[in-house]
Amino acid sequence: MRDFWKRYCRNRGALIGLLILTLVILIAILAPLLFPQSPWKMVQRPFLPPFSQGDLLLGTDAVGRDVMAGLAHGAYVSLLVGLVSTIVALAIGVPIGASAGYFAGRVDDALMRFTEFFQTIPSFALAIVLLATFQPSLTFVIIAIAIVSWPPVARLVRGEVLSLRTREFIEAATLSGLGNLQIITRHILPNALPPIIVLASLMVAQAILLESSLSFLGLGDPNIMSWGYMIGAARTVIREQWWLSFIPGMAILLTVLALNLIGEGLNDALNPRLTRKSK
Amino acid sequence: MSLLSIRDLTIALPEGADRDHAARDISFDLAPGEILCIVGESGSGKSMSANAVMGLLPEGVTPVSGRIDFDGRDILGLSEKEMLALRGSRISMIFQEPLSALNPLMRIGAQIEEVFEAHGALSGAERHEQALRLLTEVGIPDPQVTIRAYPFQLSGGQRQRVMIAMALALEPDILIADEPTTALDVTTQAQILELIENLRRKRNMAVIFITHDFGVVADIADRVIVMQTGEIVETGSADEVLLHPQHPYTNALIEAIPRLTGDHSGGRGDTGEPVLSVEGLCKTFSTGSGKFFGKRRVVDAVQDASFHLYKGETIGIVGESGSGKSTLGRCIVRLLAPSKGRVLLEGEDIAHMPGAELRERRRRIQMIFQDPFSSLNPRSRVSRILTEGPIAYGATPGDARKRAGELLELVGLDASAMSRFPHEFSGGQRQRIGIARALALDPAIVIADEAVSALDVSIQAQVLDLLADLKARLNLSMLFITHDLRVAARICDRIIVMQKGRIIETGPADKVLRDPDTDYTRSLLDAIPGQDYERALAGAG
Amino acid sequence: MTRFILGRLVKSVFILLAILILNFFLIHAAPGDPAAVMAGEAGAADEKFLADLRAQFGLDQPLYVQLWIYLKGAVQLDLGFSFRQQMPVADLIWNRLPATLLLTGAAFVLSLVLGVIAGVAASARQGTWGDTVISTLALLFYATPLFWVALMAVVVFSVWLGWLPGFGFETIGAGYTGFARALDIGRHLILPATTLGLFFMAIYTRMTRASMLEVSRLDFVKTARAKGLRHGVIQRRHVLRNALLPVITLAGLQAGQVFGGAVLTETVFAWPGIGRLMFEAINQRDYNVILGVFFVSAAMVLLFNLITDVIYVFVDPRIRLTE
Amino acid sequence: QEPQAGGTLNVVIQPEPPGLMIGLIQNGPTQMVAGDIYESLLRYDTDLNPHPGLAKEWSVSEDGLTYTFKLHEGVKFHDGEEFTSEDVKFSIDVFLRETHPRLRTSLEHLESIETPDPYTVVFKLKNPFGPFLGLFEPGTAPMIPKHVYEGTDFANNPANNTPIGTGPFKFDKWEKGSYIHLVKNEDYYLEGKPYLDEIYYHVIPDAASRAVAYETGKVDVLPGGSVENFDVPRIKEMENTCITDKGWELFGPLAWMWVNNDNPPLDDPKVRQAIMHAIDREFARDALWNGLGKVATGPVSSSTRFYSDATPDISYDPEKAKALLEESSYDGETIRLLGLPYGETWQRWAEAVKQNLAEIGMDVEIVASDVAGWNQKVSDRDYDLAFTYLYQYGDPALGVARNYFSDNAEKGSPWNNVANYQNPEIDKMFDEAALMVSPEDREKAYAEIQDIIVSDAPNIWLLELGFPTISRCNIHDPVTTAIGVNDSFRDTWIEK
């Protein structure tokens, strides 16, 4: 573990990423304390530019809401959407990929057809249809994102499992009398974990982008202040009050960037090739 | 006059490597037409020293002092451009892994012609001519066809020949061969060695040959260098070093070579009930999933194999690569489902036994795997590796741990090993853990598939001793799969010889090794390198 | 080869049918129907009006009958009639498809070509500031929301600088023909194609770079160096070709995503393509159009996958010559 | 200034119309384009007074039961056939009766149509119907060529794709997803008109892009609602840009929130009144609607005939609202607020209302949906509060009564009495007021009606919407009548 940490820290970008993300997480957690009032509250006249008033650091939006408060509460939503949808996607993709890779043959064929099917549908279009059908609410936004983002997980896990499956320690486990489930959960998945973790960090980033795209099209949960919502709402005034879309845009950019950097750092730190060398 | 002269060469390793220097204060000379062998255990710096001559050290690995004189100039001082002119034309190199050393997307011919192109030699048509001639010269069958083939269409031995053809294209002064035969089976190895020997003679080319196989050294070397942890510990003519080693390390290495001849415990009598009987076992693979141009290919990996294994007996299964040894072993433990035939384990047929029942029976028959790296889950502690089997079969965790401790002691490991991860052990220690795992379930039979092939000679010897010892103490029966006849000779009571999926010869080890019935077995025996040397050693000893 | 393609086509038909069925139920499960939407826009309606419309659209029949009718048509490549636009869905899509193909095609080619070039350039300069600049840019493009880039691009290039048209497919009413028209469309294409392509370009850049570095470490590259080949030749002939394999695979997988991105891009840039058609059709519950667009886009994705597989076969002899 | 002939007019259209055959489809964009192609008998000035259209003169009998129209002679359909009284009869009596739900309701008062000669049409009513003369604009009673449609399946007539009317512009080309092109009708019956050579309606789906289109000179006319309100101030400041909020008088768009009168706690008038006073309409007008439009005082828009300003006060008063809520049966329930899916302004408005209600202690959850979902939810009365805005068509009998009639409360349509307001007294009063002959009598009756409805507070009235039409100043007379750009551009000309 210490080893891992040391390798991770060797990547300067990854450290910066971790720093940014920690900051975002802190803001998200502390949002209710820092901005106890609802981010929807209209506190001042609309379109106050940033830094023009002491207590409204980033100014106000089209209906006079505190942009800073929106940003803080939006951090929570974006992270929540990113994390939960990724977890759900993993919960779908990992079992499917693992079963496909482990049992191979017909099971693999069937599961992979199923995955392919979901990959053939343009994912963003599917998300739109899902949300039109089930009405936008946070839960369904998360579900929709998860549904369109699990196939790569399944493919990755399958590939990993396929290559792990023939490793001798798996055969040894079979001979030791372990059941399939035990072998998958105890021996295969832990070893497939590094690439899954890396992918997951990218998926969180993608989910945040997807949520913002959906919000932008008006398919977000209207009761929830998210960054995508803020951009979507501000796009109509992008010309005069460009900062209203710029600020949350930067927030998304930075967070996604941070997640990517972390992903890269994890990739380096978890890379078996590098790991083996410093054994 | 020496062609190449290395003086006090020290090669530094980047930070975080296992030691500071890949090689330290290396000095040696190479004369034209001479074959110089570099031997030593894995990681001793053989490859790095050779790569330094080519100017092909990996990133971060740099020569820090010393000089390499070739043709009157210090290679280390040459610019990249000047090095380009040398590489491939004056000094050539071939590598160990024949599969990955060729570009998978380029035709063989093109890859050879590239050498001429790189040095601006010959015209297009002539290059093709030359490539054909080279392929013929290295003994590729049907060069007209092969020249248009892709690497994956060739066997390992053929690929290695292509590599050699490439290295020889511009008739270099020096050929560096870094373990060129390690991945090949004995027969192919013998052919390649002969090829190198011939070429050397014909062209008066100097060869630096890196290997850890003393048999090979004995067969081809003029002079020998022995390396240990980056330093040259001994150097001299082949005879001096091999027969009268001065340094204790060299001594130890030579001691550890298993002998083909010598006393075998002798076949046990075919007494009592066999613990394992294999009857008419067949395994057919069909490959080519039909994904693209799906022609199905059917491989009869094992055909109609039958034999008995008695209590306390060790049977060696030998044969060239691809002859079906592993497949046979894996069918017996049911890691593969046999296509046909019976496998009677203590009287019961497990060949087609379904899940739960099979699981119950299978604990009686365990396996030791080839690769000590991939046969242990890198994320499991040793305690878990040793206990999860017994626990799965109903032992309490406490009992299982106790037993695991005993097993570790049995295979000669400290009890503190329990809480460590596999990567914290050396290859030999790992193989011991693998053995302990196989024994944890109290099997009657152990199948060892190339259990010592991946190990250095010295460690190989230790593990073989351990196995022999355990077998005697626990009265185990063992199937010992190997392609190394020396190893088989050392440990087996009886030997089964396989060729193309069939058992073609079975008999007591002595008989099979001294006086085989089939030509095939004889050819296998003949291909073993270093037999004269062994005799000489025996004579000397 | 033909057998392989035929097999794939058969499989594709099943996937397409499955997609149609899934979407059919999804979209029919959505609240509201096209009649209600049309009545809604008219601002007034009564039961008769709605019933007439529904009867006219065939929505008064049981769902399974509607599905059956639709599927029967679909297998004969008849995609039905648009309730709202009152024309055959096939015509509607056919009119819009070229615009989408142009946009996604341009974005795709752009992203792939530039991405690979940038990736190669970065890998060649690994560790230098050039590499850092390219990698950082790629990461930035990768992390920026597409629609945000689109908005900003319009503001900067169209409004502030006035260099490029900010939306639309061509200058309406200018009456350009032939080359002039192509040029005009090209100018309109630049912003949306770049916007759509940036994200994917970033992906290909990163992928190519990583793949180049990975391949550079392989044994056969060492062999090539041992031959005395010059660095450039090695990079081009040995490294790049092998490094492109995973990029091609990824590009194949990404076809569906490019189309998804087109929905956003076409909306922001008023590009008359099928992505926008679908988005509008969803809002209008124009069932047949939605299904038609899904059908066509999925078919295109499948076709694209097939093409990449075939390309792959030509690039990688191991697949071509199995056996 | 003397009008100049010639030139191309570029107009934004949004959303893309589903079709241009206005007899079949009457949604906003269709009306806008089809208004250039089709005409009706009359036109209305911005005070809703009738002027000649296809009818050059008209008269009403004393008892209010007979309306006689004299038609222009020599009017031709775009295919060259002459327009006659037969076409009028066919259009009203056959075609529109079959296809036009809004007109159909009014036609219940019609006894018969007679055509004594090709240029005279006589409408006989069963009973006096005050708003009758207000029906003859192209969106309500377009004139449709009998020779093309008679005896055909109207909905599937191929001619629907190439609409044929009598209007000043002819249909030329519709590039779906891009533009609709109309060209000048050279045979128009008024000498010298229209002035314009051609009109392009540009389909641009994104509001921001529509603003850019105007700013970059791609289009010259932005009809009301085509850019987001937030963009209006900026565009207004541009050179050579004129803005008018005229042209909506006939429609009198009034925004309000439906209140589901059945659902507790909203069945309690106190709760509804509390909401009424909780909403800051001025803020909405100023921050969201650019200060355009007027704060609503009741169910009738001030531009509509018979508007009364003597209704009970419903203005913003949070303290009063809190007090009312305190007294009411509200007990912290979550109120679902259904927003109107027509763009950002409406979304912002829902958020502002949610916040307004939060201030007085109501818990509100916004429900998002698209147009179809909105329709369904409102039709099924699956909501607590729902934004809407509806046209009044110049007369309470046409555009107001429908929302308050008890009989109109069945589910299935989003434009009837969705709130399920039940007041038999009001029903009776509406019935009587529609049949009164004298405008003075009607005025009195409607004043009383408005007073009662406002006291009952069945809905929360918000704003009389002001939709600005923006155009370049050198484009003269883009809006001349009470239906604005939905009328034809026949009087519009471009100064060179």
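The letters A, B, C and D name the chains in turn, as written, and every chain counts its residues from 1.
Methods note: contacts are C-beta pairs under 8 Å (C-beta built on N, C-alpha and C of every residue); 3 or more make two chains touch, one makes a residue touch a chain.
Here's who's who by UniProt: A, C = ABC transporter permease; B = ABC transporter ATP-binding protein.
Bear in mind that the values here come from a model prediction, so they are computed numbers and not experimental data.
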{"item": "C-D compared against B-C, more contacting pairs", "value": "C-D"}
{"item": "Between chain D and chain C, distance of the C-alpha-averaged centres to the nearest whole Å", "value": "40"}
{"item": "Euclidean distance of C-alpha centroids - chain B vs chain D, Å", "value": "87"}
{"item": "Centre distance in Å when chain B and chain C are each reduced to the mean of their C-alpha atoms", "value": "50"}
{"item": "Where chain A and chain C are represented by their mean Cα positions, the distance between them in whole Å", "value": "23"}
{"item": "Junction residues of chain A - those touching two or more other chains", "value": "132, 135, 235, 238-239"}
{"item": "Residues of chain C engaged with two or more neighbouring chains", "value": "30-31, 151, 159, 267, 282-283"}
{"item": "Shared interface positions of chain B, touching two or more other chains", "value": "none"}
{"item": "Chain-chain contacts as defined at top", "value": "A-B, A-C, A-D, B-C, C-D"}
{"item": "In the complex with chain A, residue positions of chain C that touch it", "value": "11, 15, 18-19, 22-23, 26-27, 29-31, 139-140, 142-148, 151-152, 155, 159, 253, 256-257, 259-261, 263-264, 267, 275, 278-279, 282-283, 290, 293-294, 297-298, 301-302, 305"}
{"item": "Contacting residues of chain A [partner chain D, same complex]", "value": "38, 40-42, 46, 62-64, 132, 135-137, 218-223, 232-233, 235-240"}
{"item": "Chain A partner contacts - residues on chain D that touch it in the complex", "value": "207-208, 211, 228, 230-231, 234, 283, 287-288, 339, 341, 344, 347-348, 350-352, 354-355, 358, 365-370, 372-373"}
{"item": "Residues of chain C defined as touching chain D within the complex", "value": "30-34, 36-50, 52, 56, 84-87, 92, 95-96, 99, 151, 154, 158-159, 162, 165-169, 172-173, 267-270, 272-273, 276-277, 280, 282-285"}
{"item": "Footprint of chain A on chain B - complex, ascending", "value": "16-18, 333, 335, 359, 362-363, 366-367, 369-371, 374-380, 388-389, 392-393, 423, 434, 437, 440-441"}
